[in-house]
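Have a look at these structures, which come just after this line.
Below are two complexes that have subunit A in common, paired first with subunit B and then with subunit C.
Showing the complex of A and B:
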């Protein structure tokens, strides 16, 4: 097994010259990425995800910790000999070389013969949908095409691990989706291990087998997309995943009650007693039909609709419940009877509630 | 509209003509004149005496041209070798005393060469480097290196480290990175610096005179006595020869640089047609 293992990697940056700017440090990080896995590091900008990526690449020197692939310790191996490949935010195609020379560059460095490497480069270009573009110069291509070439160039030499640093963030949304699909497909075809850095959670959710959420130099939580979304380990993770309904309260005697007292329900013993935060996914909140009793095993609240907004295919609704504002998602049919200012009853299946310890 | 732009073009052309070409005309006339005296607008009689003298083997012109070009060539080559790592260090790193290093490198631009050369001369006398081409080359480095470093530094400033990181991630070692990624990017800067370095070295009189002590004869050394009161006709001929040599050298450099880029382009254009046919 050629897993990529990151063992207690740590990096402390010196205080920058600007005063009052705290020195950034990457807390010791321990992570194993399985062979052929697509792993994303997700986090806001400045959270250290690119730093971690560069440490894995060897472009930055770690203070302590080790990088292994399979049984090989790569900590002291220079970047150029690690047989990793990297795609940056910019395509960084060498401007004085033709597209196929760019793609063949890695093979040239491995002393592969000219004919062979150009054949491989052309085949690779075909795989990314750029057959026949090989003899152009990079600046004759569009941004999306350039990034495809960068991807082809990274993959052509069969890297052990493909590192990607927000590769699509400079592209426009439609192109980004196209590239996402292409990358997903190609990653499966080549079964290459990918470590992908992004701040775009949709991108991470679409592509990844597992995701690691990072914040302020710390790896907060690792899991697959659904686990993370439905069971965030902290409010920071929940917020970053776009979960806005976070309500403070306490768990005691098997019941959760919010500070305002509007949310109160029985919890199972999964959740420990003490202070905590209730996290409600917007999709889990349902409109209750008029004059009906809440079914057993559900949380029931009532509130006033503040705002209804149509998003692609569904309605985003803000409901004021006491001091709290809940964000919910309704289908067009559900919303038919609802208007802003109206009083509504809402329910959430208790299987869908999640409580984060404080 | 078109007429107007034509007028503007004509205007600029005349200025260029007046400033650059016109001064050469009296020089040309003077070089073929025989006793051209005030207040005559044109020489009274013509002769190729001056050109015969200059181009004849006995005047030592050709060895002097050779020496000038050899010195300028070596100086420029050494400058490139020195300036590239220096520019790399200066534009990429922060270190204490960086301002001092920069000040020392760029000092020859500000300090009159005469001041420095007096000291250099003394040192070279002790070291036995005077009267040698090697010594002259060394002395020529100080006024030329700053321009070279400056030009290459500007090229380095526009080269983000990401490019080298990218090449690294594709398996390129330090040498390959420099040769395939850094050098092509620096090329325009190096070309600019090299032209300056060649021109400055070619036109050096004082330094060559002092360090070479009359034994290293470059074209300016031959030219100078004729300008300072010798024979104006011969001085004019030498001046023209000097200008021709400098222009020719720059042209050769320019053409070879264009060829370098053209070859790159040609190979890709050829490939493109192939690509279309497929």
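Showing the complex of A and C:
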């Protein structure tokens, strides 16, 4: 198997003298990306995901650690001999070359004959929906088309690994969605291993087989989208995934108690005793019908609606529960019986409850 | 109305001076080259000076020397300038310190030195009794300073070529460097990922991008050296001399009868320069330097 293995890769940057910023360091990272897998590195700007990508590409030299593809150690292999391909944030097409010459660039470097490489380039342009655009110059294309050409240029050379550094971040939302679909389709078609860097959760969730969450030079957690969202390993990961209902408390004697005492319920064995944080997904919080009793095996809280906002077909509701503010999602029907300032009863199925150790 | 014409009125003294001196001089030269010379009683226009020149072997030898010197100077200056510009570019890409800036300033130094001074430096350095021959003789590389090759005031024009190559190479690099700075720093990364080694990056990306500006710079150097006077006068030989010097020799020969020919040489030089200028303009329009750029 030609898995991409990143073994304890580490990089320490020197402190920048002028700005006085603290020196950035990428902590040792251990990661295996399976052949044909779409793997995303997700994290905020400056967390080290592009640094890791460049280390894999060989554009930066690691202080320690190794990069392997299958049985080949690529650590000391220069970038130009790794047979990887990369799509950058900007298309970075060569302006003096026609579109098809840009696409064929990697093949030319591999000494593929002119006719063969141009045939392949044209075929690849057709795959990305740009048939007939080959003779144009890059500045005659729109931003989305340029990024399609960049994708074609990366795929045509049949790379071992396709590295993508926030390739759609410069595009408008509609184009970004189109490109996302195109990339998803093409990746499945070519079964190419993809290491994709993004700070866009939606993008990572849509495209990836697995996701690695990074923060401050550390790989916090690796898993598929659902696992990460439903079972974040830390409050940092939970916060980055957009989870706002994070309530501090303690697990003891098989029960979780929040600091303010508003959230108290029995927990099963998988949560260890000690200080921790209760993480509640907004969509797991349900509005209880009037005068009904909470079902067994659920967490029940009462609160006052602070705010209701319409958002893409549902309502985002903020409910004050003691000292804590809960974010929950109501359907339009539930919204009909709810108004700001109203006292409501909420419940959460205990199966949807997640506790993160402090 | 006055507000609209104010800029033109302000420019008028400068424009009038240029028109009077430049075009007036050119027109006067043209008239005199056609034989209109009231000082010696010649009032008719004819082509005697031109036919005389075109039938003279001196003129053709002078033209051949001028073309050779201009071509070699611009070729060597272009190659040197290109190497300097690319080296500076690669240096600034790889180095984080202020070293590239220092080298850039150093390479730009000849730009600040007048041509005549540049020519004189070549005389001091490269003539048989110059610094270089004395150093080589003292170091024992050559037995005597007379063994040093004749590079200054030589019939081939090496001294002139050296002076112009040294003086114009920074000009060529100055023309190319702004184009190089437009090369995206990430293109090196792109080309590396797609398998291009350092020299392939230069061949595939850098050279095609700078080629139009490079060619135009070479043309400009050619046109300039073709019609320049002071360096060939200082570093050339009496025979054959370059066209501007040949014209000067005719003009100051002592006989007024030679003056139409001297001015005819100037008119031919001006015509050739305009033709070459038009060629540069045509190519610069055709090879739009920024073609394909965002």
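Keep in mind that, in the parts below, the second predicted complex is superposed on the first by the 355 of 358 C-alpha atoms of A that agree within 3 Å, B and C clash if a C-alpha of one lies under 4 Å from a C-alpha of the other, contacts with A are read in each partner's own complex, and residues count from 1 in each chain.
In the analysis below, a contact is a pair of C-beta atoms (placed from the backbone, for glycine too) under 8 Å apart; a residue touches a chain by one contact, two chains touch by 3 or more.
Bear in mind that the values here come from a model prediction, so they are computed numbers and not experimental data.
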Room on subunit A for both subunit B and subunit C (clash or fit): clash
Touched partner set for A:109, first subunit B, second subunit C, both or neither: both
First (subunit B), second (subunit C), both or neither touched by A:57: both
Partner chain(s) touched by A:90 [first = subunit B, second = subunit C, both, neither]: both
Touched partner set for A:134, first subunit B, second subunit C, both or neither: first
Which superposed partner A:79 touches (first subunit B, second subunit C, both, neither): both
Touching partner for A:259 - first (subunit B), second (subunit C), both, neither: neither
Contacts on subunit A seen with subunit B and repeated with subunit C across the two complexes: 57, 59, 78-81, 83-86, 88, 90, 92, 94, 96, 105-106, 109-110, 137, 153, 157, 163
Residues on subunit A engaged by subunit C in the complex (per definition of touch): 54, 57-59, 78-86, 88, 90, 92, 94-97, 105-106, 108-110, 137-139, 153, 157, 163
Touching residues on subunit A, where the partner in the complex is subunit B: 57, 59, 78-81, 83-86, 88, 90, 92, 94, 96, 98, 100, 105-106, 109-110, 132-137, 153-154, 157, 163
Interface residues, subunit B side, partner subunit A - complex: 162-163, 165-173, 176, 180-181, 184-185, 264-265, 267-268, 270-272, 274-276, 278
Of all residues in subunit C, those that touch subunit A in their complex: 184, 186-187, 189-197, 200, 204-205, 208-209, 291-294
